[in-house]
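Take a look at the structure below.
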Amino acid sequence: MSTFADHTRSIRRAAVSLFLAAAAYESIARSGVFPPSLLPSLVAVAGALVDGVLDGSLPAHALATLYRVLMGVGLAIAFGLPLGILMGRYRAVESFVLPLASALMPIPSLAWVPVFILWLGLGNATAIGIVLYAALFPLLLNAWSGVRAVDPLWLRAGSAMGADERALFWKVILPGAFPFVIAGLRQAFLRAWIAVVGAEMLAASDWGLGWIIFDAKEFLRADVMLASLAVIGMIGFAFERLIFGSLERVTVLRWGMVRTAKR
Amino acid sequence: MPHIEVHDVSLIYDTPAGRVVGVEHASFDIEQSEFVCLVGPSGCGKSTLLNIIAGFLVPTAGEIRIGGKAITGHGMDRGIVFQDFAQLFPWRTARGNVAFGLEMKGVPAPERERIALEHLRLVKLERFANAYPHHLSGGMQQRVAIARALAYNPSVLLMDEPFAALDALTRDDMQKLLADVWRETRKTVVYVTHNVAEAVYLADRVLVMTPHPGTVRCQVPIRLERPRDPLSAEFIEHQKELLRRLGG
Amino acid sequence: MQSIKAALARASKRWGEALRTAFPFVVVGALWEVAARLQIFPVRLFPSLESIAAAFVRLTISGVLPHHAADTVLRLIVGFALAASIGVATGVAMGRSRLAEDLALPLVSMAAPIPGIAYAPLFLLWFGPGNISAVLLVGFASAFPIILNTWTGVKAVKDVWLRSALALGADGRRLFHEVILPGALPYILTGLRLGFAQAWRILVGVEMLAAVSWGLGWMIFGAREFLNTDVMLEGVAVIGMIGLTLEKLVFKPIEDFTVVRWGMMT
């Protein structure tokens, strides 16, 4: 049983842990064992971060990356959700789409980068395409599972109360599938994020957080690399906590519907 | 000398909402081979008391002795059966579960298997020795749990509402089975329940507990011949008496 | 007579299922082939299935494809083994000791949301191009899902199992081996699965970043220079097949033999 004292102790330990890790890193960085271009001190990294923000480059790159992620995920939602729902409702659609999806899903999205570069050229189109590929399958499969997981009891109750096909769909099946859809969205975002960073590194398009990291390697600017990594981490964290956390709170948690792991 | 001695045991919980008394000034003795039931409504501290005897909780005050020695934590002189039938280890067969305590004691394999099978026979499940728990019904799982708790020969058997999650028919069967097992093995049993009829059926003596604060209010001996008939007049009299003690 | 009819019915059912599964591929394959032959897109960019298959055969016979594939799989195994051992050990420590959890969790949570591939240039900078960078990166990045899932699994070991085991005389190491590990297994296996998928994804990406001279990712990326789309596409197909095979041959049987058999997971 966790008490308040336990909780504060955890926070204190977290602070100590982070402090110790930072101190250890800093001492190694300053010891001169490795050149500062490879292992910059945290001060230098912070400096690179501040510089990047002040001269507008980091925000611009971050925006480019975000744009690609949002476009790609948006497209994935637009295609994947309806398709997944159709799969859940109609056996014929499921029989057709599922084998294809199962065959394509295990292929890492980055494997397609060279192909996409040839087909779509360098730049936004390729990056968005890779994000779309990465985000599509979790959304598709989770929407499908979600529709199938709608408790038949709810459907029976709805019919008994006079709901017709359309009403059942909009008022019972869709809300019922929501926990799965949210889980799918979360996974889609995670994969989209991985895909965009990789695509930006490989499709060398001059813009994007992934591109900065890759470019910085050429100039041995590890401080820039670490600063960009920090930015990526912060954005990812913000998305996870703020957006998904609150989305969950407002819907499925409030409805008491969060799925628990088996047992 | 009584087998189990409970001297003035109290347990006070520290919660965010303040100090809560789990159980207060509980004192009683239990003789060898006696079947004692702790009966009371929710919050009277009966499960708390059982867990203290088991050694999972440390009392804030008081002492418990088994066979004259004060207990320090859990030990293999006590076997315990919980209410949740998921208490069996899903990764072991029925036989594997029952043999667990013997493994811990270092009993060699052929001996272990023999004893495990014997105890499964005791609870009438020898045919299911190689089944995994998820293939067994709730009642069967509880039987395996009982066999598991007895296999390594503890002198005390502690049971925390073991049949509360079963349907009424299964529960009746299980109570009969338990009575038979007890008659054969003659363990000292401490049995927690909120079901008055169950207590009258099983116990030699019933300790009535009441909440706010949790204490042992009084003790009611059950002097009925076994096997007991739940529909007989004397049985119902005892039930009424217990209900009176619980209510007033 | 009855059993023959039943057997025929079963066989035709299975055939029916196989046809139904193959149908979408046939349709897509046919569409692709038509588009390729009609040369809607330049032939170099949109090869026919025939030329893709021919590339596959050609590269296999010459030994080039097996070489690339073997190198990739070897890196994967070493990197994943690294991630699995460190990941499970860390997750277990975090699950059993509040101190370990308090110290490790902030660091793990901070590093986890960063895509593994983002560390690739850094690793390349620190360790230079080659196998070491690739393996270390794979090990590092795929450890996170393993750590988090193992940690969750150890904490989720049911209290009633722990108490039963303690009452039955288990303690310390025996409690760990006999109860905590099997109890946490469903989560650990999930973590290993996720970690494996992660490892595969990162490895392909790292190989493309020109870290190695032999490897499937590199093969695909290199083929771009010469517009060998047929080589690229068959490389992609091979990657997909290997991933699927490893999943079927390794994870599924382990799961079936343990947590599925014990009814802890379906």
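Letters A, B and C name the chains as they come in the text, with residue numbers starting at 1 for each one.
Here is the rule we use: contacts are C-beta pairs under 8 Å (C-beta built on N, C-alpha and C of every residue); 3 or more make two chains touch, one makes a residue touch a chain.
Because the structure is predicted, anything quoted here is derived from the model rather than measured.
Contact with both chain A and chain B is made by C. Ranked by separation of Cα centres from chain A, the top chain is B. Sorting all chain pairs by how many C-beta pairs they have in contact places A-C at the top. Taking each chain's centre as the mean of its C-alpha atoms, chain A lies 51 Å from chain B.
For this pair, chain A with chain C, the centres built from the Cα atoms lie 18 Å apart.
The geometric centre of chain B is 48 Å away from that of chain C, both derived from CA atoms.
Within chain B, residues 86 each touch two or more of the remaining chains. Each of residues 158, 264 in chain C touches at least two other chains. Taken residue by residue, chain A touches two or more other chains at 263, whereas all remaining positions touch fewer.
By the touch rule above, chain B contacts chain C in their complex via residues 54, 56, 74, 76, 78-80, 82, 84, 86-91, 100-101, 103-105, 132-135, 145, 148-149, 152. Chain A meets chain C in the complex at residues 6, 9-10, 13-14, 16-18, 21, 38-39, 95-97, 99-100, 103-104, 106-115, 117-119, 193-194, 197-198, 201-202, 209-210, 213-214, 216-217, 220, 222, 225-226, 228-229, 232-233, 236-237, 240, 261-263.
Within the complex formed with chain A, the residues of chain C that make contact are 20-25, 27-28, 45, 98-99, 101-107, 110-111, 113-122, 124-126, 156, 158, 186-187, 197, 200-201, 204-205, 208-209, 217, 220-221, 223-224, 227, 229, 232-233, 235-236, 239-240, 243-244, 247, 264-266.
Looking at the complex, you find that chain C touches chain B at residues 158, 160-161, 163-170, 174, 178-179, 182-183, 185, 258, 261-264.
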